[in-house]
Amino acid sequence: MLKQIEGSLGIAEAVALCRPGAVCAYPISPQTHIVENVGKFVKEGKLQDCEFVNVESEFSAMSVSIGASAGGVRTYTATASQGLLYMVEGIYNASGLGLPIVMTVASRAIGAPINIWNDHSDSLSQRDSGWLQLFCESNQDALDTHIMAFKIAEEVGLPVMVCMDGFVLTHAFERLDIPSQEQIDSFLPEYQPKEFLDPKEPISMGAMVGPEAFTELRFLIQRKMEKALDVIERVTKEYRELTGHHSGGLLDCYRCEDAELKLIILGSSVGTAKDEVDRLRDQGIKVGIISLKSYRPFPYAKLREAIGDCKKVVCLERSFSYGARGIICPEVKRAMEGTDCDIRTTVAGLGGRAIFGSTINKIVHASLEGKLKDEITWIDMDTKLLNSYLKDAEGVTVPEDALVDDSVLKATVGHA
Amino acid sequence: MLQIRLHGRGGQGVVTAAEMLSLSAFLEGHFAQAFPSFGSERTGAPVVAYARIDNKEIRTHEPILEPDAVVVQDRTLLTALDVFAGISDQGFAIINSAEAPEQIVPELCERLPKGHVLTVPATDFAMQKIGRPLPGAPMIAALAAATGVFKLESVQKSFQSRYPGKVGDANAETAALAYEFIMNVKNGGQNA
Amino acid sequence: MLDAIKFYQTGSKTVGNRLLNPSMRSNQASESRPNTLISGHRACQGCGEALGARYAIDAAMRATNGQLMIANATGCLEVFSTPYPESAWRLPWIHSLFGNAAAVGSGLAVAARVRAKKAGNTNVPRVIAQGGDGGTTDIGFGPLSGMFERNDDVLYICYDNGAYMNTGVQRSSATPPAARTATTQLVGSEPGADWGKGKNVPLIAMAHGIPYVATASVADLRDLEYKVQKAMSYHGARYIQILVPCPLGWGCASSSTVTVARLAMETGFYPIFEAEYGKVTSVRKITQKQPVINFLKLQRRYAHLTGKKGDPKVLARIQAMCDENIKSFGLIGDEVPETVPVAIQALERNQTV
Amino acid sequence: MMNKSFAATLNPATSLANKTGSWRTLRPINVFKLPPCNKQCPAGENIQQWLYFAGEGDYEHAWRVLTENNPLPACMGRVCYHTCESKCNRGFLDESVGINSVERFLGDYAIEHNLSFKKPTRETGKRVLIIGSGPAGLSAAYQLRRFGHTVHILEMAAEPGGMMRYGIPVYRLPRNILDAEIKRLTDMGITIECNHKVEDILKEKEEGHYDAVILGMGASISTNVDIPQGDTTHVLNALTVLGDIASHTDIEVGRRVAVYGGGNTAVDVARSLRRLGAEPIIVYRRNRDKMPANEEEMDGAIEEGIQVKWLSTITNAQKDSLKIEKMKLNDQGWPEPTGEYEDLPADAVVLAIGQNVDLSVCKKVEGLQTEKDAVTIDKETMQTTVAGIFAAGDMVPGTRTVTAAIGMGKHAARGVNAYLKGEVYKRAEKHEDAKFEDMHPWYYTDAPKTVRPQLELARRTQTFDEVQHGLTEENAIFEARRCLSCGNCMECDNCYGVCPDSAVIKLGPGKGYEFNYDYCKGCGVCAQECPCGHIKMVPEKI
């Protein structure tokens, strides 16, 4: 059914279609609208046999989710940014216990300084947590991915984070095609927990495991992750056939055929970039996009195949690893090890600084013109602002960035 | 693709207006998109919202730098911000005011084609029908009248579906007033 | 005639009593008690927490007819009961984290209700969340308070031994003043834990207005069992804090676990009471009042107070604390306090000023 | 079955594979200590144990345990001076347990319910002669009969019972009670031949084909002192007076009677005379503290209006009055004359200063050694210096009380039994003492001793009705339940409950507990919390 609704409401509808037994959340922007709507569905009876718990912190949101999942019901929660970090201990715990919780991360920057706007530093900080991390291009993709996430999580036996860009997607009003309850019921059967707390068959979950078995347990989680690559593809295929929606998957290629440059992008910037790639193609510039949908598990083989013999790859990263470089780029390099593919990365769109088509355009041109000199390049840096500080503080300046676009800076929040 | 930027202040329903605008277009079979400027929308603070209307899937999520139309819900913003920044030469500007456009934005009136810069006393209409200064419905109805891209009925329907009952009806009535007002201007009539 | 004589040799103070009608004997006296925490666990010799946990959970098992599950905070109890590959529990049990037992309990309660409802089953398993004082009064306090205010159907049991024993006896907010811990050592001019610090979680729990709050001790089994049973008769958030001596952390003989807990009650050091909906409804009266020195002298954590070099001023201060407890909780006499007692820390802080 | 996660999910109760018993350096064991009451009891009664069953209301079981050592509980529940109570550990807590009154309750219960002793399952064919049917003789006969021996008692008096019949006033021991308990013994097959004074022990033994003999004659001769006297003043001896009262219930002695002596006999005489309407006054050479008479009996005498002349000796008995010399106690507590005299009006004097055994018959036996007022015996076997001849009761050195006689009779019987099998009786080694310090007094709720309802004082002084009433069943249970069960298990389940490792196994009612050494870590909480001191921690062999 087609609806013109806010992305958050679409996610809430998707979650409700999956018939969870427990949903809990703590308010944090920009995730709030999702759980507000799920809570409403529970209260008005649209979502039955489900309890909505208003907890006092994200730590408890994850903990209540752990309890509910261990208690044998399908469990959902959502968070972002600081909230995600506040529940980190529980995040690792949920995956260690193999609980198939599905959680939306409405991706947002992490403070200090406090910043409510979108980037990927929150979700990517959890790359080693043992959760599957699926990124979404659009609200339709996010809606569909949530539904698939439950099935994937339950098959794999690990929790799944559905990462969708905060505000950009969560607060965007768009046309969404919502599958019918019958469709989803046929796709996602009633939840059958692999193990749960049941007085009929008492088990002790969460034992202390020492050196004698810890490595093996870790190995088994990694094995689940590797299996998850197949599961994601299979579930995606099934879902696409059911709905006709081109959502999900490990990664998605756009105009990659004969591309001399392939951009690797995660999240909502993919859509913006697609429009720009169309314009560049119209100008005869052979550029394509690989939209990375599954960051964990990382589809090394699939990505290598997607890059193929293209000699130039540029990543667009909306997060950063201090003291190192990008976070995505090293993974891409690992995928392309042994080839002569030139892989570089750009950092843009931090803390809500918008990514425009023009941003993509600049990156493409800079790459093709050999202006991306280092492995990593900061895009749309306000060097004037930077230098005004550096001059006073340290008596030095950095070179003015030729790649900066004043209108971009102006259009971002705070300039408006 | 038609790109619209809406300016207003927190509490005036700017984001809702953008959403209703997208819904109106959706109801007519268009692809549409609306999104706020992702701020924390405190009452009284300047707020920006965006909307896009197209006949194919809208993939981009970038903010609108070069709008085809600008809707200004609060005329006090005219002196505070460059609300018309990037507006295309064939663009439309709808301003919430009882005064004539020539009196408040004479330069813009000169730059854009005749009839593309319009004022509408949306707050007055809202006070008449809703009893609260919520100019969203009349403003987008005015945009509908000015551009002809979507119909008054769609605007009314979108508000009525969002706010079933009295509030929706009152919004629909204000929308009609504004629509009539602009059609009247377009047909050579004078501002009230 | 036998039943008419209410005097049973040891009255109700022992675990069982062959002279009592079986229906009146303690749960622990039963040959068929559930032993939910079974032998083979790795608790230290004389572990009060192991004892308290079995007392409490067995009682809850009886109260719920075996329809019970547990969320356990990180801590000694968790570590000694479930080291891979052996579990000492005989009921559904989960350990998640140190600070989240209350919230995991809430989640389990949700799941139990939803599953029962879906299955058309009216018999909903009940949930106990449990942890030590560190996991309860400190790191798990936020989730605990959240569970309370939502009135989630969880009984939270805090096994209070007054310090972080699992990590090597560090101070918690339940550590009493002047007590030695690894982070409040017996050095300096005021050895041991500081005065005027700490929090009284039972009173805080009462301030949430939850249906049931109680303190108990491993030295009064029947009182403990009664309280657990009573707690299970309520739905909503409930809190029981059980004093469980730690021979290691307190520096007492492993055989003294129950004795030292008893002295904590009989000296007024640890008031035993229950409260319903925020109001104290009964108080366990001291049966043979003893000076606090009798409690302190069994424990090396108070070695600086009880030997020849003991500081009489500090001792007097602890005695005053006990006397204040006796007064404000009405531990002697027939009365139940009309108003909510004031946390003992208030006295300390007032004196500090 | 659930599909369980690797390592992080465990099966229930798998910890049983971890045998924590290996941690132990101390091992708890059950010890059976000797309660002070049992230790004190001259009859060797297992008091703690029979109180245990009495407290449960299983009176027959309690009575059977009691009568293992004492066949005369109804009598003993009346006349025993119950020194056990003075040793009772409960005395440290509040008041001693009223052991004696529970004993009497059980004795009376057995009479009321016609409980009988079991006959021996096997007759040995051995014949034992017992001389004297007093408590020592009856006790010995009972124990021998239980062994299956044939027992015949020769009694010189007209009725059996010895001093119980002729030395103890009826108000303390109604004769129907004594008769009932003797009858129960004869029902076992014991034969008693009265009015048969033995003149020649060996002859009796030989003619009767007895395999062994036990001498159980009582101290039936009153000790005399020479008091210069005029013709008109009666000077009588206590046993004659008591015997006459027992036989005729009424005698003429006089109105004002001085009873000379400070022992139990003196008190018995004084209280008996009071009941006959006389005004007895006890004359004793020392003070109350040094008085050997039972304290309770003395209290009763004073309550009944009997006066006492302390620190006094009678130097001369005149018509209507006695000359008394005042005494004082020296450093050793012995009386010394002061040379001060006074007159005491009195119609008669009853001498109650001691009794002797008639040893003349013993002296006829060759090789039977005697000493001052007793025959010489082996204290272990109770055998005299002549093989096959044993002695018990007043005959042998030691305390001359009914209770002591019963104890000695029991040991003599065991001595005989061993002798008949060609063995030498060796007494069982006594268990370690159960001390109050080993107990856990906190566990015992305070409960005062139930005081036996006493007869109105006035009534008591005018008749020979029993002074002490028995306990009601209610009181008996209460009293029995006051027993601390010193050093012996009372099945309170404390060990079973307080074990943090669930390593104590409860075996079921009456069966006690077992330690599960597979899991017991040796913490010692069970031992510390055992109310009775029944558990001891002993070092583990490492």
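Going by the order they are written in, the chains are A, B, C and D; count residues from 1 in each one.
In this text, a contact is a pair of C-beta atoms (placed from the backbone, for glycine too) under 8 Å apart; a residue touches a chain by one contact, two chains touch by 3 or more.
Since the model is a prediction, treat every value here as computed from it, not as a measurement.
S.K.: Of all the chains, which has the CA centre nearest the overall CA centre?
M.R.: Per-chain C-alpha centroids ranked by distance to the global centroid put C first.
S.K.: If you tally the C-beta contacts, which comes out ahead, A-D or A-B?
M.R.: If we tally the contacting C-beta pairs, A-B comes out ahead.
S.K.: Using CA atom averages as chain centres, what separation in Å is found between subunit A and subunit D?
M.R.: 92
S.K.: So what's the Cα centroid distance for subunit A and subunit B, whole Å?
M.R.: Once rounded, the distance between the two centres reads 34 Å.
S.K.: Where the centres are mean C-alpha positions, what is the separation of subunit C from subunit D, in Å?
M.R.: The mean C-alpha positions of subunit C and subunit D differ by 50 Å.
S.K.: How big is the gap, in whole Å, between where the Cα atoms of subunit B centre and where those of subunit D centre?
M.R.: Once rounded, the distance between the two centres reads 113 Å.
S.K.: So which stretches of subunit C touch two or more other chains?
M.R.: Each of 81-82, 84-85, 87, 89-91 in subunit C touches at least two other chains.
S.K.: Give the residues of subunit B that touch two or more other chains, as numbers and ranges in rising order.
M.R.: none
S.K.: Counting only residues that touch at least two other chains, what does the list for subunit D look like?
M.R.: 7-8, 10-12
S.K.: May I ask you to sort the chain touch graph into line, ring, star, complete or other?
M.R.: Shape of the chain contacts: other, as it matches none of the listed patterns.
S.K.: Report the residues of subunit D in contact with subunit C in the complex, numbered from low to high.
M.R.: Residues 7-8, 10-20, 23, 55-57, 442-445, 447, 473-474, 477-478, 481-485, 490-494, 496-503, 506, 508-509, 516, 518-519, 521-525, 527-529, 531, 537.
S.K.: Once bound in the complex, which stretches of subunit A touch subunit B?
M.R.: Per the stated touch rule, the residues are 2, 4, 6, 29-30, 116-118, 138, 165-169, 171-175, 268-272, 274-275, 352, 354-357, 407-408, 410-413, 416.
S.K.: Using the touch definition from the top, list the residues of subunit A that touch subunit D in their complex.
M.R.: It is residues 96-98, 157, 194-196, 198, 201-207, 209, 213-214, 216-217, 220 of subunit A that touch subunit D.
S.K.: Spell out the part of subunit C that touches subunit D in their complex, as residue ranges.
M.R.: Within the complex, subunit C touches subunit D at residues 1-2, 4-5, 7-11, 13-19, 25-26, 28-29, 31, 35, 37-43, 45-48, 50-51, 54, 81-82, 84-91, 221, 247, 253-259, 262, 287-288.
S.K.: Under the touch definition given earlier, write down the residues of subunit A that touch subunit C in their complex.
M.R.: Residue positions touching the partner: 21-22, 24, 49-51, 53-57, 59-60, 62-73, 75, 89-90, 93, 97, 196-199, 202-210, 212-213.
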